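Two complexes are shown next, each including subunit A; its partner changes from subunit B in the first to subunit C in the second.
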Partner chain A sequence: MITPPLWRDYRQNNRMEAYKCKNCGFVSYPEKRRVCPQCKKAPSEFETITLGPKGRVLTYTVAHALPAEFEPPIPLAIVEMDGGGRIYAMVSDCKPDQMKVGMEVELDYREIFQEDGYRVQSFKVKPVKKGEEPK
Partner chain B sequence: MKNKVAVVGAGLIDFGVLYDKSPDMMMEEAYINALQSVDKGIEPQEIQAAWLGTLRGRFTGVTLAHPTGLFNIPVSRVENACATGNDAFRHACFAIAAGVYDKAIVIGYEKMHDEKGGLIKLAAIKDIWMRRARTMPSFFALRGTRHMHQYGSKKEDFALVSVKNRHNGALYPHAHFKKEVTLEQVMKAPIISWPLGLFDCCPTTDGAAAVIVCKAELAKKYTDTPIYVAGSGLSVDSWMLGEDESLAGFPASKEASRQAYEMAGLQPKDIDVGEIHDCFSVTEILNYEDLGFCEKGQGHKLIQEGVTALDGEKPMNPSGGLLAKGHPIGATGVAQIAEIYEQLRGEAGKIQVADATIGICHNIGVGRDNTGSVSCVHILTR
Partner chain C sequence: MGISGYGVYIPLYRVKLKEIATAWKEDAQPSGEKSVAYFDENVLTLAYNACINAIKHADIKPSDINALYLGTVSSPYTEASLAAPLVNALGLPENVEAVDFGASTRASTAALQAGLDAVKSERLENILIVGSDVLVGAPGTSFEYTAGSGAAACILSGNGVIAEYEDSFFYTTGFADKWKNVESGYPLYGDTGFVRRYGYVEHVVKAAKGLLEKLGDSAQSFNHVVLQQQESRLISEASKSLGFTPEQLKAGMTLENFGDTGSASILIGLSAILDQAEPGQRILAVSYGSGSSAALSFKVNEKIYDKRENSTPVKSFKENKEYIDYFTHLRQNRIISRTE
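What follows is the complex of A and B.
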């Protein structure tokens, strides 16, 4: 059963909502909290912001061994978003050998899987092409 | 807690693909081996409390009572990802040091082969960030890529760890894999999660281990060569907090070892031998740095120079580590304690490190959607 967690997290998954601590500026994503893991203020106040849309690859891997639900090889990255927040994302529109630490990427809204005919859409990231603004 | 607790017995079973053994049979064998290892003997009735370490085992400590007959005493079950074994041991040490009990047993086990799918599928499919292809190998591979980028290490350096540990495992009776591999084999193996190939990853292994601890003052009743728990530490981290340190290493390992060194009044240079968490080859390189054996970013130099080889100045994973011995999660940390116990008593046979008097045990585990880790460290002394 997957629906309740998808429903609970839809603002993060579908609207890219992130939560910025008003005390220290830490950006929490996807966790919507009342306590800040960085400055430890509890409770703190959080401002709702929109993540990204651009960021930089901090590190990556290329996953070759994956369950049947996936079509490997799939590049995966940890991305530091402009404006704060770190995400874990599959990388689309990018060949494995084009992956580089430091490369600029942007959020790319996609269908990530289907279950029982239910289409689950969320983000991946893709490389920013020069001279092209993110949509 | 320094030196208030002594290890007086340790038992392991041969790790491997144990389809013929149930969890009960595995635990029973480790338990009997631990009892029989006590030099001057111990009666089951003397054991006052027990801790069970298992990640996926059945609920509650009753799981331990059935194969050991240790009913009518307190038995607690500990789970802390891949740090489960060391953490279960830690809790037994707390209870002894606090003076609540005089004698206790810790048993760790994991049956990795009775379920299909397993941890890789679990990580890739479930949890909050569902279906984002996250796996255990990728969690560590991401750090490998970052280490290569930031510090100039190479895939070959990681491969050297697998070559070393498979060499050691070939000499260790309890190891799952007892066959050496060449650098070329490791380098040419199919990629699992770049830069890690098949031989950079630990196998899927069943296993169990048990250790008996007691109040230090009582230790000589059981053996003339007890091993003392000098230091203990545990910490957790997350790369989501924004430290770059957590991209090419584990702040949890650094902090857990800092706590253990501080309690023991020892430094990284004092360590003679270690069983440290090489779930993937790159992890061992990161451990060298996080445990303070070298500066940050220099871990690959230690493997290049043979410092951590069996005949090096600071041998790491003489048992073959997780890469060769295997990684039955709850058993792993308890087995490390048992192995360092044998090393410090000079009973490690073909993998004996000469004149080892101070040893370190270290686990690093993954949790929270592959974003966080937990580390547990113990320092044992003769």
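What follows is the complex of A and C.
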């Protein structure tokens, strides 16, 4: 039964909702917190924001051994988003040898897994392709 | 009142049609290629990317959109909305009207017409329309050569319009040419020659002629024409019968690049035309599916220049691609999978 866990984290997974401390600007994702881990204000007020759409790769690894529904090798990256917040995401439309620390990536809505025939989507990241960008 | 912005999304991967012919040891070596969704792409994810590009192009805030209408014939569900989770993913407000159109490759023009009516009647201000399909043909069939994947979206508004809506005309008989059973998963066809003559060609010609008569126009009145991108022979037969020149069809032709993108194909063609259209030019779009056709006409205005720099042109998707072999295509579209 996937409905309860899906619904609990739906806003974080389906629309990248994150929470920004009104005291110091720290962006918490995916946890909705009471105490800010950066300025330690307790309780702090958090503003709901949407992450992205762009960020930079802080570090990455390449996963080779994954369950059958995935298609390894898949790069996995920790990304610092432009408006604040860090995410851990799979990288799409990118071969492992194209990965670089510091590369610019953007959020990309993709299917993550299926259960009982229901497709669950969330966000991966993909390299920003030069030339596709609006001027 | 009309289109205030548009956006397209095509998956990165392509398979050359001659790869398919070689795999089946066919003598003919067809030219062209088709787009193939990756393992983690589906109707919803393609639609999302097209919508993001349309919102960017229209230069509109997501909070100003009042409705999202999605058209597809390849939803994985007979019950479960795709439009509703898409509203959430795009960050649109929760009071947005979300509607799913389906059952025929005419779905996106049905959504377009419903949206145009809602804006015209001033019930809604800005409506996001999206057509998205991940089509898969049964291995070894002719549809395998054309079945492609892609999505296109446009925003309909009263203000900031770049292409004014003029009029529409419909032709409906219920002719049975193509259907997909829940059990089979692949589309099935009636007798090919018969279907060609009495299905696509007759319906496209009658809807287009009906609109030309209604508007008092001739075939030469339109600068650009896009016909449902189903099969090159059908497009050329219908356009010949209507008196359209290859020059009129050129900008909206995407079949050779992406294949048949189903309900997305008319909106992709329309976007490709808008990428290069000039103010004052007129566009005719004719969709077809399941024994019914719709013809719609638009006139481009000078505001098209203001938004052109916001666009992700169809040309960029034609150029930005990676080729995969036939076997990878079968795996990516889950036609075959590893036995556990």
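Worth pointing out:
To be clear about the criterion, the second predicted complex is superposed on the first by the 130 of 135 C-alpha atoms of A that agree within 3 Å, B and C clash if a C-alpha of one lies under 4 Å from a C-alpha of the other, contacts with A are read in each partner's own complex, and residues count from 1 in each chain.
Criterion: a contact is a pair of C-beta atoms (placed from the backbone, for glycine too) under 8 Å apart; a residue touches a chain by one contact, two chains touch by 3 or more.
Keep in mind the model is a prediction, meaning the values are calculated, not measured.
Between subunit B and subunit C, B contacts the larger number of subunit A residues. Within the superposed three-chain model, A:96 lies in touch with subunit B and out of touch with subunit C [touch as defined at top].
Once the two complexes are overlaid on the shared chain, A:65 sits against subunit B while remaining clear of subunit C. By the touch criterion stated above, A:112 is placed in contact with subunit B and with subunit C alike.
By the document's definition of touching, of the two partners only subunit C reaches A:129; subunit B does not. With both structures placed on the common chain, the touch criterion links A:83 to neither subunit B nor subunit C. In the superposed model, A:15 lies in contact with subunit C only, and not with subunit B.
On subunit A, the surface touched by subunit B in one complex and the surface touched by subunit C in the other have residues 112 in common. Of all residues in subunit A, only 2, 5-6, 9, 26, 28-30, 37-38, 58-67, 69-70, 72-74, 76, 78, 80, 84, 86, 88-90, 96, 101-102, 112-113, 120 touch subunit B in the complex they form.
Remark: subunit B residues 117, 120-121, 124-125, 128-135, 137-138, 141-146, 149-150, 190-196, 238-242, 244, 247-248, 369-371 touch subunit A in the complex. Contact residues of subunit A toward subunit C in the complex are 10-11, 14-15, 50, 53, 68, 71, 92-93, 108-112, 117-119, 121, 124, 129, 131-132, 134-135.
The touching residues of subunit C, when paired with subunit A in their complex, are 12, 38-42, 44-45, 48-49, 52, 56, 76-77, 80, 85, 88-91, 309-312, 316, 320, 338, 340.
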